[in-house]
Structures are given as C-alpha cells and as structure tokens.
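One structure is given below, encoded as structure tokens.
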C-alpha cells in the first residue's frame, strides 16, 4: 500500500461519518453508523441517477447531432439556463405530481407492489458493492450470491407489473421479461464464475483486492486484461444489457412493438419508480462489472493513486454507463427468439468454455518464461476459436447481399 | 466475424458524437427562439393584402374586390363583399374596394393560389409563422384591417418579387397613361374615334394586351437558397391605427 | 381461408423460381381495343362487349362487358398469351346518376286553314336511368404493355347494384373493390371479404355518390359563400356576420 | 437582420398565455410560500412536457421534424415522446382528425393523467382545415376535447410548433393552484374525461360536445 | 380462422388498454380447441410504429401471428369527393397532402394525368425540373423510410435523425424554390410554377453530389449490422407471382425480382433520355426491400447529376396553358408515374366542366398493403412491425 491510500481525501467520508456518530449515545451508534451509510448511498446514487438521465439525454442528443435539454434553469430565478442540468429535477417535480391512474380492472395490489419491489430490490444490490477502499456498506462473504439473488427479483417485479395491468401489451411484455430473465441469468452468473475461481472468494471486496497489483507500476492486474477475463467481461456486458432491459435487449419495453410494455398502464409516481429502478439496476450492474473486471476502486497506475479510490470507482462507473448509452444510441433490437438463441447457443457455451479457460489459467499459474507466452496463447485460442466458430453458426445464412439490375 | 458490423455502427455514431463538437455539418441545431430563423425569399405562410400607402393602408388597397381569389381558393377560406361605392386608388382611378375581406387562417392551407390568380398583385403571402393563439374563433379569423399591410412591408419580406411586381405595375401604369394620351390625341385629331376605354372597368389594361393577366404564367425566379429577405423588418406590419 | 382463388393462397413457403425474361417494349398496347373486342367476341359469342370510345386526347378506349361473362373474360385476358394482362392497376367506381334528357320533337301540323304547315315543338323528357360503374385498368407486367380498360355497369343505382368481383382473378382488386362497395355501394359478388374499407361499419350512406348529402356541421363558417353559405345559413349567428365586418376603419 | 424578434415585433396575432413581470410581482404578493411552491410546481411541469407519441397526418411529420436535430424540441425537455398516454402530459393533435378517428382521440385524451394539455397543430386539427368540406372530417378537435393552444399553418413550421410549446410553457408558468382563477386541473368540478362520441348511421353521435365547443353567438369585439 | 369457442373457457375480460379499437379496449381470449389461447391485439390506430393511424387487428398465438386484418379509414379525408367539387387547379395543393412526404411527385402525377386528359404539352426545361424534383423527392422519401424502418427495428431514433438531417437539406431547397417545406404545390398543367435560379441549381447539384457520402455512412452504420441482418433477412418473404397478382408496385415489387419501373415502361417525362438502372431483389424479404431503397437512391443521384448537366434553357410553362378557367375536353385519362412508393396513378373523367367529373387516385401505399397478412403470417409481432415499415406506407395516401 502506497502512502497515498491513507491520504486525507481517502479517509474524509469515513471520518465525517464517525464524527457524526460520536454525538449519539453508545447504544444508538451502531444504528446511526449504518443509517448514515444507507442515506449516503441513497443520496449519492439518487443524484447519480438524476444526472445519468440528463447525461443520457444529452449524450444521445450529441450522438444524433443535436443539443439536447439545455434550458431548464431554476424556478424563482428568471433567465438562468444552467445548461439544462436541472432537467431531471423538473421531470421529478412533474412526475411526482402527476395523477396516478390505476386501471379499473387491474389487480390493484400487484399493480401497486410491482414498482415498490422493483425499486427495493434494485437498491438492495448496492449493499455489497465496494465503492472505495474501506467503503463497502455490508461486507458479506457471499456477496456475489446476494447480488444476483437481489438482482433477479427485479425481473419478477416486471412480470408482476405486466401481469397486473390487464393490458395486452403489458402481458406480452411480462412474458418477454420472464423469457429474458431465465435466459440471461445463466450467462451473467457463468461469466462471473471464472473470477470466483481465480480469486477464490465470493466477497466483492476480496475480489477487488486481488486485482490491486501492477506490473512495472502501470500495467494493472485487472481481470479484464487476461484472455478469460476479457471474454468474461464481454459476456458480462451483453448479459448485463439484457438483465437491465437496455437496448438492444429492451424487449419488455419495446417501444415500437409493445407501446411501453409493462409500463403501459403506469403513470405518475409509479412510473417514476420503474424508471428509477431501471437506472439503479443499470448502475448496480455496471458497478459490479467495474468491481469484478475493471479493478474496482483501484487506480490504473501506481502514480495515480493519490486520487481517492471512490473517485476512481465513479470514473469507471461513468465510463461503463457512457458505453451503455453509446450502445443504446447505435444498435437495434433483437427479436425474442433471437435473444434467447443468443443466450443459449452462444453466450452459455462460451461462458462455460471460459470457466474451463479460467481453470487452465489457475493451473498454469506457475508457468514462467516462454511458457508464460504459451499460457496466454492457449488461453486466447480457447476463447477466440469457439467465438469465431459459434459466431459463424449463429449468423449462418445472414450476410450482406449483392444485387442485379434490370437489363 | 460476429460483431464487426456492430463495431462499425458504433464507430459511425462515435464519429457523429465527436463531430457534433466541432463540425457544423454534424451539429445542425438552430436554437430557435434565440437564433434567427432564416426564411427564404419565397417562403409563404398566410396571405395579406398589399396597400400602396404606408400611412393609410386602408385607403389604398390594391384589391378591387373582383372576388377571383374567393372563387379560386380551394378550401374556400376567403370571404369578400364588394363595396357599394367607389374610392380612388393609388392612381386616382375610381375603383370598387372590398367592404369585407376576411381570411380564416384556421382553414387556409397556404397554397398561394389566391396570389397566382390575382390580376392586380393585391394579395401576397406573408411570412409570419409565430401565430399560436388560444381562441380559434376570434384570433384566427383575420379581417380587412388585420390583413392590410403596406407595400413597404411587402418589399421587406419579398424584396426581389416585390421589386419585380412594382416594375410591372409602373410599366402598366405608364402604358395606360400613354395609351390614354394617344387616344386623347387621336380623339382630338379625328372626330370619330374609338370609344375611350372605360375607366370604371374593373381591370386596368395590362401592358401586353395579347396575354390576359390571369393567364400570364408566373416567372418568378427563386433566390439563392438560404438567403432571403427578412420576414419582418423593423417596425414590421405597421398599422395606421 | 377457403373460397379464394387457389393461386392466391398457395403456401407461403413455396416460391416459384424468380426468373423473368422481359424485353423492354413501348408502353402502348400490343393490340388495339377493337382487336381485343373482336377476339373476345369470337371467344365468347354469348357475351355482350361494347367498345366505349374515349373522345379525349388520351384516346384510351375501353370495353364495356356484361356482368355475367366478366369473370371469364377477365381470366381469359389475364392468361391469354398475346395479352397476358397479369396486373390490374386501378379499380374505380363511377356514379352516373339518372339523367333527364329533354328532347324536342318538331312535328309539322298542317294548317287546317290551308296556310303553310305549322311547326309544333313538343318537349319530351326522357329519364335516362343511371348506373354505377366499375372501371378496371389492366396492364401486363410480363409483356410490358397496357392499359386495357374494362368497364362493368350495374343495372341501376337503387336495388340492382350487384357486379361480379374480379378479386379472384386479380388480388389487386381486393381493397379497391371494398372501397367501391364502401363509397359507391356496388355489391361485388364472390368477393372474399366484402366489408366497408374506409368508413365505419355502422355507416349507412355511400358518400361518393353524386346525390349524397353531407351531415350538417356548418355551425361556424365565417367565410362561407356560394354553396357553403346555403348550407350554413341555418347556423348564422350575429357573431359570424359581425366578425366579417371587424372594426370600421 | 434576418429574423424578427418575437418580443419586439408586434405580432399580428395576439400571443397566448403571456405573463408580464407585473403580474408575476402580483403573484408574489399573494404569499411567498404558496407562490414559491407554485413556481416550483409550475417550473417542473413547464420544463418537462412529455408529448404523446401520436401523429395523425401531414403535421405529424413536422412534429417529428421538430424533434430532429435542426429544431430539437429536446432543448425544452419535451423530446420524450411517450407512446403510452398514461405517461404523457401533452397531446399534440397533429393533423386531420377524421370522424372515424375522433372517438379514439377522445379516448386517448381520457386516458391521460391530469394535468394534461392539448395543442391543436395545423389547420385540420383546428377546424378541419382544407378538408373541412369532407364528409368524414371532424371540423376541429375542440368539438370534443378542450384545446389550450392552436397553431395555424398547413402544416406549421417546426418553429411554429416550438413557438406554440413556448406559449404553453408560459401558460403553465402562470397557472395558480388556488383562488378563483386556479388552473383547470385543480378544480374538482372540471371534467377530466369527456364523453366518447359514437359511430352513427350518418355522422358521429353527438356531432360535437356542447359542453366543450360553442362558437361565439354574438361578438363583442373591442 | 376457425376459432371454435369452447363453452366455459371463453372469457370476456374488459381491460382498460389504451389502444383498443372502436369496440373498446377489451382483452378477448379466443379459445381454440387445439392451440390453446389466442390473443387478439388491436395495434393502432395510435401505435408508435404504424406510421400514422393505420390499424392492424392481430391474432397471436404466443407471439406468433396467426391472423392479421388491416383496418383503414382513420385518415380518410375525402380527397376524391373534395376534388370533384373543386376546379382542376384547386386540387393541386390537395395532392401535396396525399403523400405528404413526396408532394413533388404527387404533384407531377396529377399534372401528368391532367395533361394527358387535355393533350397539354410541357416544355423541356419543365420536364427536366420535374425529374429533378421527383428524384430529390425519392432521395428524401427513401432516406426517411429507412430511418423509420430502423425505428421500428428498435433503434433509439439515431438513423431517423440522420435521415432527417439530410431531409432538412432537401426541404431547404424545396422551400426556397416553392415557398413551403412540405406542401410544395409546384407543378402546373403545362409546366412548373417557379424557375430555379442558377444558385439554386448549384446548391441542388452539390447536394446530390454529396449524397452518396451520406449513404455510405448510413450503410456503414446499418447494412452490415448483424442484428439488422438477422432481423430482416428471410422476414416477410414475398414471391413475384403473388406480388404481381396483388398489384404491388415500386420497390416492394422489385424486391421480389420483377422488373417493372414505370419510369422505364412508360418513359413519361423525359426519362428515356436518362441513363439509370433498376435494381432487382432476389428474395423478396425485408432486407431486399431495404436494399432496393438504398440502391434506388444511388441511381437517383445518377439521374440528378445527368439532369443538372443537361438542363436546357427555355420557358418553364407552356405559354398557351391556362391557369384559371381551365376546362379540359370531355374524356378520360389515366396517368401514372413511379412515385417513391410505387405506381401512383390519377384517373380523371372530364365532362367539359371546370371540375372533374370523376377524380380517382390509385394509391400505391394502399395496394401494397394487400399482401400484408400473407407476409406477416407465422412471424412475430416484432416482425410484423418491421414488415409494415418496409412496405413504406403513408396514411394520407392509403386512406386519402
């Protein structure tokens, strides 16, 4: 550990918490300690959610050669624009004060519960993410298991929403959501198994610590920089996109097909909750990706360690989310059968192979010298060759065509 | 390989994203209320009535209430009622004038046929488009006073076309005067002369009598795209009242 | 899904080989309307086929067929190797209302007084019964020529408004015949799915007929004149007249 | 000098819903807390007008154009065209409303949650426009639902739609929560749903909703 | 479709779905003895991907379509009836609003039919101008169509916005020439209304010259995309026999391999003087229909460059043509052109009066929908949306 890791900035948030807690009587300190953590996480990621939405709108706008929201300003003060950064708050004010409509024939309890559950579970996933050195809300040994369990529950809520709305489009969306859930949980988890295998732990904190080394000071030992890690990361991204219902896998909410899918009958506050949960889910999965593959809060180079770890984490998180927005701005949607085919016929076999690959990596850990090169080559081959072959078979029959002209 | 097409697509969007910061071709937003909307010379929205005199637009409408536009208007959104009396026009000639002239802009489809068929260059297309209203019955019906705008305004919004129209009208006027002079001279010379062209006739004789004004094909030349007259100059649609 | 022409309903998976040997030719007809008429008359001796000349500069003459033989003739035209009119471009309905034709007959009545015979003009009003007509424009995609124009007439405009549907011959007529049924009220027999196309099902009228009267919704017509004014007169309020005047100059 | 400044140029048409600074001051005097709450509420609503993704005819293309790069309705926070009426705040009736379509439009309006607004974009939506002589054309959507802003034009330029949107924003910013002139959606006696017309044998039944649509009988022009 | 309704299973559940048809939004579970539940969904008239107010009543088995009935008339604006009560000239601006994306071509089709009806000659320069306008319109229409198609395929508006970026450039040209962005009202019987200035022609030439660059970028973004290939290839196949019999025209027909382009067949205007090719598909699927548009745009660029090169000087209106009081001789005529959507025809009957006795539009958009059900059967809802998008309809023309 370099001295930078003990810098004042690094410790500031924790010390602030301890300073606040000390005013309370001894028996309440434990509770306050955790409450402050919860409130801090909620506040930080609530704000982060708000700015993700405006960032998404502005980035998509730039992608499409336009400006995006830029003139919301503030109430009470005229003539202020603030580059439209207050746009999410305007949206929040509006959405929260909108009339709440529950369809007459809807299953009212489920209709009400679905948005509550979806937000609750997507927030629960944040509990086990290490946001910085020593900044992890709950240290669980089985953190990964907990994360996936909580994350999967959100899809259930989507099904509840679709089912309870008594709308045909919602119903179709609910079915799609279930199919998607079942298909993509597997590659998502399988893509993480190699990490568990190599790191030998399910604890997210321990996984981050395993990646905290550098070769000659600037080549970080992040898992993404190994062949099996890269493959796992790509599978993870695809599965994460599907899990968080983002384009090109936004089938439950497919706008051009199913109106708004499971959200069709939701208005006002409940719609806002779904919207929020969607972004929380995306953020949580991105954060997990950062934690598992991109070295978590570790700096990429030793000499950049003076920047506090939580800022590194945020930077990487923002990078992931920008990538997701970029993908959304470019790609088109898969069909439901293609979606499941991609999962079962491509991602799952590839992920399984990758587990074997990681096992090989563990077994060959002691290889050195020229053998090290062999190790890399074998590991690459194990993943690239099946990728090419299976990719061929997946896209068999689909190719750009040439055309003839009338004589 | 699987994914190459996707990566190509991502590259194109990335190019557009980066380009939006420095390449004007990739950042095409015109910030509407602040940045000016450049309307081309030929732009048309709703018709207005041209009057010769800027200070008293109602007194000198070119319109002589011939009701051609009322008849030709495809959606029938023009109403004209002829006056009972006559008033002198810009040339001092006694003419009928529209006692009622109304256009329902909630019906008008901006087709410009009224402009094309008008033999007197009395009705032209305005360029104002910021006309959202809250009462469609009273706000969107334009009466004679609201429609009348001076020729200077016409020059502001359609400079080239207005100049051409003015040139044509002056030529017509001159020709009419010369003809009148000639007839007067002929009358003085010979006791039996052709009957004087009736002053009370609705249409002033065009310069070339071979072609009727309404059948004369329009030969408007479009100006350079993107460069046009200003929709509203300083002062805008000046009203006398 | 039975009842339609088998050609149109073959399984979607069976694709005949896509091969066309077309030669570019002029878009004019390979045979004149008269030649087609003559050939049809010899082929269908029982059919009544009338050549309807087009007096306009387009000079595209048409063939008026009788209703009973029309489907057979249509099928013949489609499959005939000389014509191969495989493409029905346009189907139109036309309404020809009953027309009063005033004829003046002049009879010379001999003057009983012995003078020159007096000419007495007698007006006879003959009511020419109207009909509803369907017009088909046929082209050939295989031979690239056309158009051949077919016309079918109903017996009258009231009760005998039935014509045979040509949808079994050309699927292209499907929506267009439905539209004619909707807007003109021609009933096409053997049409696979004869419902209103554009108006709602509860609608009773046939609005494209010349004698159709529109529902009265002329409550606010500040610019009404001519025919519209007649209809809007019942709704004239002081406001509609006052708004025209506007403030006096 | 290519462009008219809408604030300077005397527009030939009366502008809608403008609130002057004096009026705003008056508002302030009503009570700081309520007014600031009101302002926050109205600020949020006026900057986040999500239109219903719903195009009828030609004007819909210009509505889409208003959302594209050149005009970018997103600058006003209004680019989120929601396909479901449950999440929409604004219905832009963009194009000819036929009699066959009118019941669906009214139903969509009924399905939108309060507070909701309606813009009639283009001649057809206002009055039937050039197609008003048609037997299947509704002579203005305001025969069945209340319209806040009318944008004439055939079709109006995208800028005209933006102008209408700015007018609507101004109108929302001036709305009050209490008092005799409180906003429509705050008054319980104002209907939020309107009867859906039915298809009749010759016309819609009823052909218009007299509670919503009544052309002026007499005129008292200034 | 024989859906025998087994008693006891047929449930009528009224649900407040916002997109029900006129009968009201009801979930109707239609029971079939052998296939379990079929779901009847009414897509439209307000649906994000029906390109306006088109409505499809779709019966679904799972997500698979077993029956699809299109419902029209939600934009039936009585164009034909109004035209029969209006003068010939008065109908010209209405034709702008038929196919509101391609007003220039629609204008031309109508002018062509009237000129045929009256035997009206058109000067050469006007003919070239018409071709320039029609081909610019084709560029505009096809770009927008591809954008809309990708919207249906689920992109977040990006291709559509790129297409509209280019559309704005063409609209700027149209606006500076005719005065209106969309409703150009440009053609007249016997010529055109406004003569473009040399600057205008130069700007248009530059636009056409730069257009392939946009197309290249567009294609790089989309044509090779694996998801796009998987979503469009083999979807909505249409064979040539059916296509011809159903009267399909335009790129939809040519995607099925039928060589039929009215520009070549009729050689109207001065098209025979131009050197261009007609692309033909081989599979008749959605991808072919998409590629037809891309290839046609490239051919249009070629036509445009030739037109700008050969544009003759001279009048743009036949001096004998009448603007007002136009009464063609009694007779009838059917004039057709190759509009971007297919064969657009106008059938006119004149009885010598100032108004047409019968005025009929042959709408390619409507007739191209004839085989929609056949193309969609067996595919999923997601594909139906894409197939509809690839047919390219404009509701103003479908319903008129």
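The letters A, B, C, D and E name the chains in turn, as written, and every chain counts its residues from 1.
Definition applied: a residue touches a chain if its C-beta (ideal position, glycine included) is under 8 Å from a C-beta of that chain, and two chains touch if they have at least 3 such contacts.
Source: prediction; values computed, not measured.
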{"item": "Greatest separation from chain B - chain, by CA centre", "value": "A"}
{"item": "Chain closest to the middle [Cα centroid of all protein chains]", "value": "E"}
{"item": "Per Cα centroids, the chain farthest from chain C", "value": "A"}
{"item": "Separation of mean Cα positions, chain D and chain A [Å, integer]", "value": "39"}
{"item": "Whole-Å gap separating chain C and chain E, where each centre is the average of the chain's CA atoms", "value": "25"}
{"item": "Between chain D and chain C, distance of the C-alpha-averaged centres to the nearest whole Å", "value": "43"}
{"item": "Junction residues of chain A - those touching two or more other chains", "value": "63-67, 255, 259, 264-265, 329-331, 395, 406"}
{"item": "Touching two or more other chains - residues of chain D", "value": "68-70, 72, 75, 83-84, 86, 100, 111, 127, 130-131, 133, 135-136, 154, 157, 199, 215-216, 219, 221"}
{"item": "Numbers and ranges of chain C residues touching at least 2 other chains", "value": "22, 198-200, 207, 220, 228, 239, 243, 246-247"}
{"item": "Complex contact set, residues of chain C against chain E", "value": "1, 7-8, 12, 14-16, 18-20, 22, 24, 27, 54-58, 60, 86-90, 92, 94, 135, 137, 141, 144, 147, 149, 170-176, 196-200, 207-208"}
{"item": "Residue ranges of chain A touching chain D (in the complex, touch as defined)", "value": "57, 61, 64-76, 84, 86-87, 89-95, 97-101, 255, 259-260, 263-268, 271"}
{"item": "Residues on chain E engaged by chain A in the complex (per definition of touch)", "value": "13-19, 27, 39, 41, 47-49, 60, 62-63, 150-158, 161-162, 165, 221, 223-231, 233-234, 259, 261, 264, 277-283, 287-288, 291, 295, 380-383, 385"}
{"item": "Touching residues on chain D, where the partner in the complex is chain C", "value": "100, 127, 133, 135-136, 139, 199-203, 207-208, 215-219, 221"}
{"item": "Residues on chain B engaged by chain C in the complex (per definition of touch)", "value": "58, 70-71, 76-79, 81, 100, 102-104, 107, 137-138, 141, 143-146"}
